[in-house]
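Letters A, B and C mark the chains as written, and numbering starts fresh at 1 in each.
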Amino acid sequence: MAERDLAVRMFEVMALMRAVEDRMVTMYRQGELLGSLYTGHWHEAIAVGTAAALRPTDVLAPLHRDLGAHLWRGLEPWQVMASFMGKAASPTGGRDGTLHYGRLDLGIINPVSHIPNNYPVATGAAFALKYRGTDGVAMAYCGDGATSRGDFHEALNLAAVQRLPCVFIVENNQYAYSTPLTLTTAAADFASKAVAYGMPGVQVDGIDVFAVHEAADNAVARARAGHGPSLIEAVTMRMHGHAEHDPADYVPSELAETWAKRDPVEECGARLVELGFLDEDGVAAVQAQARKTALEHRNKVLDMPMPEPDDEEGRVYAD
Amino acid sequence: MPTDTAVTTVSYLEAIAEALGSEMEADPDVFLIGEDVGQFGGAFKVTKGFLDRFGPRRVVDSPIAESGFTGLACGAALMGLRPVVEFQFADFISCAFDQIINNCSRHHYRTGNPIPVTFRAPFGARLRAGPTHSQSVEAYFAHVPGLKIVAPATPQDAAGLMISAIRDNNPVLYLESKYLYRRIEVPGPLSLDPVPIGSANVVREGRRVSLLTYSVGVHQGLEAAEQLAGEGISVEVVDLRTLVPLDVATIAASVNKTSRAVVLHEDARRLGYGAEIAATVQEECFWRLDGPVVRIAGKNTPIPTSPLLEDAAVPQLPEIISTLRRVATT
Amino acid sequence: MADVFKMPKLGESVTTGTVTRWLKAVGDTVDFDEPLLEVATDKVDSEIPSPYSGVLLEIMVPEGETVEVGAALARIGAPGESGGTAGRALLSPIVRQLAARHGIDLATVQGSGVTGRIMREDVEAAIARASVPPSATSSAPPATSAPSAPAVRLGPRDEAQPLSRMRLAIGERMVESLRIAPHVWTSVEVDMQAIEEVRRRHKEQFRREERTSLTYLAFIARAACDALRAFPVVNSSIDMQARTRVLHHYVNLGIAVDLSEQGLVAPVIRDADGLNVRGLARAIRALGEAADAATFTPDDLAGSTFTITNPGPFGGYASAPIINQPNSAILSANMVSRRPTAVGDAVAVHYMTILGFSYDHRAFDGVTASRFLACLRDMLQDRDWEAELG
């Protein structure tokens, strides 16, 4: 994709992610969702910048703050809303909900909440791509909190020792629910943990979609060339609570205020203007269109039917 | 060296190896992953020679990372490969519990995408291997929707069920009996026809009491039945072969015929899989029962190492015989 | 009354025992000291000899079960006693279903389970028997009947024994008596304390003089004879076809006597109502001797007007005997045991007994029966027995 087209498309998807999540926050407060709402405010650059480095035949294993990656791949906003509403047309037919959506046909693996279970699963996807002799890549996402569990370690180790074409993204948004970074790890950062596995690790500014994209490009290229996995730590801030029910009072207001000034969508828009890819009206138009799309998808999903029990035990096994 | 007139025998272990090798030959998407499965040929030598035969792409020596390689298998299976995962001892499957329960077993229900993975787990006691190398793990996993569980007792079934497990589009937990690996053999050659999952087998017909069992219990049951036949007590031995899904029709037909059911397994009694079997028999056959459904099972303790202690912890032939006799005549 | 054998304490700190093997089955004869079962405890496995002689009537604890020391294991007593009810009472679903479907009366089915329980196979055997056409010998005298093939399917653990002439005769008579006479059973509780005290005072001397025990039976027989004189209809014989009742102005008292568990006969004490307690005791002794020597003649066994059966020491709490035709009633004298009873407003422990009374409802009715028994009771309780014996 040409540089301008890529940049504009990234901005569009980031804006859409923001608009859809803002719309879902409103829907949550209007009582239209079934349960909790998890959003990725301030994760837009990470979600989109990384996904944009992949081919359609590559595979992703994202988590709950990576809506932009799903949207990049072709998941429709109404499908996400349907998942949070338990609708029959949700990606899981209502059998799962909230953030547990994905579409294997788009190369997106549906996650579970036992994070980072998706890390070893992504290594398996990478294994399969390599096994079949393709140069496909699998990209896995987790947050700072999830790095504390064994699956983080086992996946990185396995991928490195088997030289699997994996890219591991750690979205360091500094809080795991109410647990601050200082209670999650004593290490200075996550990127340097990569050396323990014999793979490269880089830390990037998670607000800057271009920086994220560049790091992702490099990691993907490395993996495609058969040099094995790498780790990208993208630093941002979790601007909303863990979920919408969480007021996140435990975040020091200073920290929140500092990071509030660094909105990745705004910064991307400004950068596009700087680069002459769009003018300010163009940027505003993209965002307005995103909000319009979000509302249209909401209206579409509201009237969709809820699923009825239908041979539930028969769905458990594949034929 | 075998001659034209030599009779070849196939052991339980060899049957597994033969079936595994045959499926790998037939389907290029089948690969093996586990600890020491390649270079070493497997801790029990089930996969001896496989690395040379199939190469390192298809026979993967993993680091000690049960959760990691189980998750890897799930991801690979989602992409259409057919992983066969070996846990060196069934006891270590607990390290992968999270991946099996949360990623693997319920994935198809949630998404409609199949995960065709086979988990091989050498299980069971009687080898003086102690509490962390002798476990029976079927009870935990029988509870989980989305898994299938098989436990062959004979070399023929070991081969047939391995083939079916690999071909099944669902995660299948394949429980191989360490105790039976080299202890039983049958005349070759082996048939490599798949044995259907979900099908029990009446290995000995009888009239007086039905013994419902699997794995080692089948062999104990046959021996007990032989002895009791001399006392005029006719025991029907039903080899369950598959634990999940349970072949309720065969079980019910047997118990409806004999009116007495005894369940036998090595696993601890409390919420061992026999509890599910007993409850099912009670539901299906109550009005035809001549007495309560009885379970013979291991003690509610970990499996001890020292011989006399271990022997006392798991069902032995005298107890099986006297329980069958009591049920048949009281 | 049967003896109950309980789990022995086989060691200092032993509190439970496991029955590992029964060496006798329900229905087997057990002699004192004969090995009865094997028991395992924490400390030791033991073969347990029976402390009682009799028939193993009921096994309460099957093989493999563990019970506390002192728990009831088995009942040993006289043959043909009503016992083993616990085992028999357990009717499993399949047993009920088969019985209902095939019209089998479970009361007539023998249980082959170790505890006497009716098992599926027993009902199946009964079904098979029911489908066998009745043999031609059922109404012929036993002596001339040809043996027919047994309807019970014999398994490797079944042993067929031909029935004796006496067994066949008793069987015929019992069936016939039940068939022709509508049996009603009633009973009365008697305080035997006074009689017991008289017995105690006199028994040593009596034994010396008469070479036999002074038994309760003698007192009961004596009181019965007097009560029969007061209620002649109880001492009658009924002939429905002739539409007559025959009153007997004498009491020929039949006393049921067991013949070494091979059979039961009721030899007759003629003109028993002319004998006092001592005389009756002598007569009863004589019958016992004749039974031992097997010297009864047909005359000895015929002509009774009333019969007393005396399970006595082997007896249970109460029993319901079958009327000895052509009598109109039969009295059973059961176990005398010490029980609490009301004396005025206080409770005392007295020697008590239940007299059972089966009567033919064609001959008389319940009021007569009750009054007869009340009269009998009052005589036993109130008569001056000391005077009679002294």
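Everything that follows uses one rule, which is that a contact is a pair of C-beta atoms (placed from the backbone, for glycine too) under 8 Å apart; a residue touches a chain by one contact, two chains touch by 3 or more.
Predicted model, so just to flag it, every value in this text is computed and none were measured.
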Touch-based graph of the chains, sorted into line, ring, star, complete or other: line
Busiest interface, counted in C-beta pairs: A-B
Centroid distance [mean C-alpha coordinates] between chain C and chain A, Å: 90
Approximate Å spacing (C-alpha centroids) for the pair chain A, chain B: 41
Distance from the mean Cα position of chain C to that of chain B, given in whole angstrom: 58
Multi-chain contact residues (two or more partners), chain C: none
Of chain C, residues touching chain B in the complex: 20, 62-64, 92-95, 97, 112-115, 117, 119-120, 155-157
Chain A residues touching chain B - in the complex, by the definition given at the top: 59, 61, 91-93, 95-96, 100, 102, 104, 109-110, 112-114, 117, 119-129, 131, 138, 150-151, 154-155, 157-158, 161-162, 313, 315-319
Residues of chain B touching chain A in the complex: 31, 57, 60, 62-63, 65, 67-81, 83, 98-99, 102-103, 107-116, 145-146, 148, 169-170
Complex contact set, residues of chain B against chain C: 231-232, 259, 286-291, 322-323, 325-326, 329-330
